[in-house]
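When the chains are written out, they are named A, B, C and D in that same order, and each has its own residue count from 1.
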Amino acid sequence: MNQTLTAEVTIAVKFSEVDSLRIVWHGHYVRYFEDAREAFGLKYGLHYLDVFGAGYVTPIVKVTCDYKKPLKYGEHALIRATYVDTEAAKLIFKYEIYRAEDMALVAVGETIQVFLEAENQQLYITVPDFFEQWKIKHGLK
Amino acid sequence: MNQTLTAEVTIAVKFSEVDSLRIVWHGHYVRYFEDAREAFGLKYGLHYLDVFGAGYVTPIVKVTCDYKKPLKYGEHALIRATYVDTEAAKLIFKYEIYRAEDMALVAVGETIQVFLEAENQQLYITVPDFFEQWKIKHGLK
Amino acid sequence: MNQTLTAEVTIAVKFSEVDSLRIVWHGHYVRYFEDAREAFGLKYGLHYLDVFGAGYVTPIVKVTCDYKKPLKYGEHALIRATYVDTEAAKLIFKYEIYRAEDMALVAVGETIQVFLEAENQQLYITVPDFFEQWKIKHGLK
Amino acid sequence: MNQTLTAEVTIAVKFSEVDSLRIVWHGHYVRYFEDAREAFGLKYGLHYLDVFGAGYVTPIVKVTCDYKKPLKYGEHALIRATYVDTEAAKLIFKYEIYRAEDMALVAVGETIQVFLEAENQQLYITVPDFFEQWKIKHGLK
């Protein structure tokens, strides 16, 4: 039975993130996704530094973002990252961004990461041992 | 017969854009897309300020980016935006990013924008007149 | 007797903020200052939106930052903004940034803001009424 | 007789750089300075990669920026970096930012960098040999 692994972070919209339309510039949502992915990593032991310590880096190979509503200065964003399990040697997260004030859905998105050996930057096409262990530990196997 | 409308811009990778893996941080590609979209707007009279002058703003409702190869500090990116015609009241661009030094394909992507009336931020569900005129002028109708 | 008015915020260093030397890129500290200035505004009723509501905007006319030690990915920054009272029609803050893990001093800085009338963007060369009232309320007069 | 060593770069203000006051957010000027410093490095053989090749990195230890006029979307910035010679083991640049359309002075600033040995991140308190050679080559000694 698979678990749903998820982490959330709430942030205040920054003045420097808002564009001349007085809404968060769309490119910043990619960083919001990263904020939630980092919160996930800290919560479940899959932080960039954990992965690096195991000898891997996990560059992003795909980002998708669908924008539903604007976010304004003075508002807060709740960003949720949910782990999506796959047999492939990939790390997939889905994201939802909500306006924290009323929990209106602001955006949804997805990222896909692959595993490279940190030392030689070679793509790792099977699931690395450390990640198999991580899956077992978190009830995904 | 439809025309292919396309614009290109070449930029140097900035020190501030490179992350601790010594490659351009993935989120900056969304801005690279915007750089090419602005070059397109200036070339074909569809710049943000042209659109605003016609009474509209065109927020992004979807971004996709597929990363193929990393870009490093000291390298240059050639970013190409290609207009994708549609019957819908949308503005669609496809993007290719090349490493200018050897024209290796670095990333591909797409953005979708909608038309809002600038004054009241209401979604415009039919193609605005100014945009119909723009299509005719550029041989798309 | 003057009060010391001060506000603090603690943030995690983001992956996207770290450069190829694996330290926070120096330009991001200006945003760190803004983070603390916003915390100050929320704490003492001098937020951008409060000021705007009173009919003013307060653009930055000077920034200084002295860098003492680097900040690394995985570390946290405690940023403190301290209000510096002046007779002039200016808003002055001093900043200290500490590495939260050991409270080592990472940077110090200062910003100076002036008052413009929001409507016409004209410089206001005397202290605005709302700001005099704010000073009285906070024991600075 | 000392030479004035200077380099310029002209950039278009990006949509993503403009804040809700419809002017370039003040923190981006630090990146504008870096753009001109990189142009200087490429022109005079003092690029980050040249310095790194000689075994050094040159982190910023101080930034100052005085803002004179706002820059708006649709405008262009001409950024000039001028080398300031010093006996100290430091690298000092002064900057002027002009609105390219009418050459109005938009901002002035300064950065100070020090020399660290790339390998061990130790501060180098005398002028490195490679930099002495660079000074001789460019008529500064």
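The criterion applied here is as follows: a contact is a pair of C-beta atoms (placed from the backbone, for glycine too) under 8 Å apart; a residue touches a chain by one contact, two chains touch by 3 or more.
These figures come from a predicted structure and were not determined experimentally.
Visitor: Tell me which of C-D and A-D has more C-beta pairs in contact.
Guide: C-D
Visitor: Which one of the chains is farthest from chain A, going by Cα centres?
Guide: Relative to chain A, the chain whose C-alpha centre sits farthest away is D.
Visitor: Could you work out how far the Cα centre of chain B sits from that of chain D, in whole Å?
Guide: 30
Visitor: Could you work out how far the Cα centre of chain A sits from that of chain D, in whole Å?
Guide: Spacing between the chain centres: roughly 35 Å.
Visitor: Rounded to the nearest whole Å, what is the centre-to-centre distance of chain C and chain D, using the mean of the C-alpha atoms as each centre?
Guide: Result: the chain centres lie 24 Å from each other.
Visitor: By residue number and range, which residues of chain D touch two or more other chains?
Guide: 15-16, 27, 31, 34, 73
Visitor: Mind listing the chain C positions that touch chain B in their complex?
Guide: Touch list, chain C to chain B: 15-16, 18-20, 22, 25, 27, 73.
Visitor: Show me the residue ranges of chain B that touch chain D in the complex, using the header's touch definition.
Guide: Interface residues on chain B, with respect to chain D: 12, 14-16, 31, 34-35, 38, 47-49, 73-74.
Visitor: Quick one: in the complex, what on chain A touches chain B?
Guide: Residues 21, 23, 26-27, 30-31, 34, 57, 59-67, 70 of chain A touch chain B in their complex.
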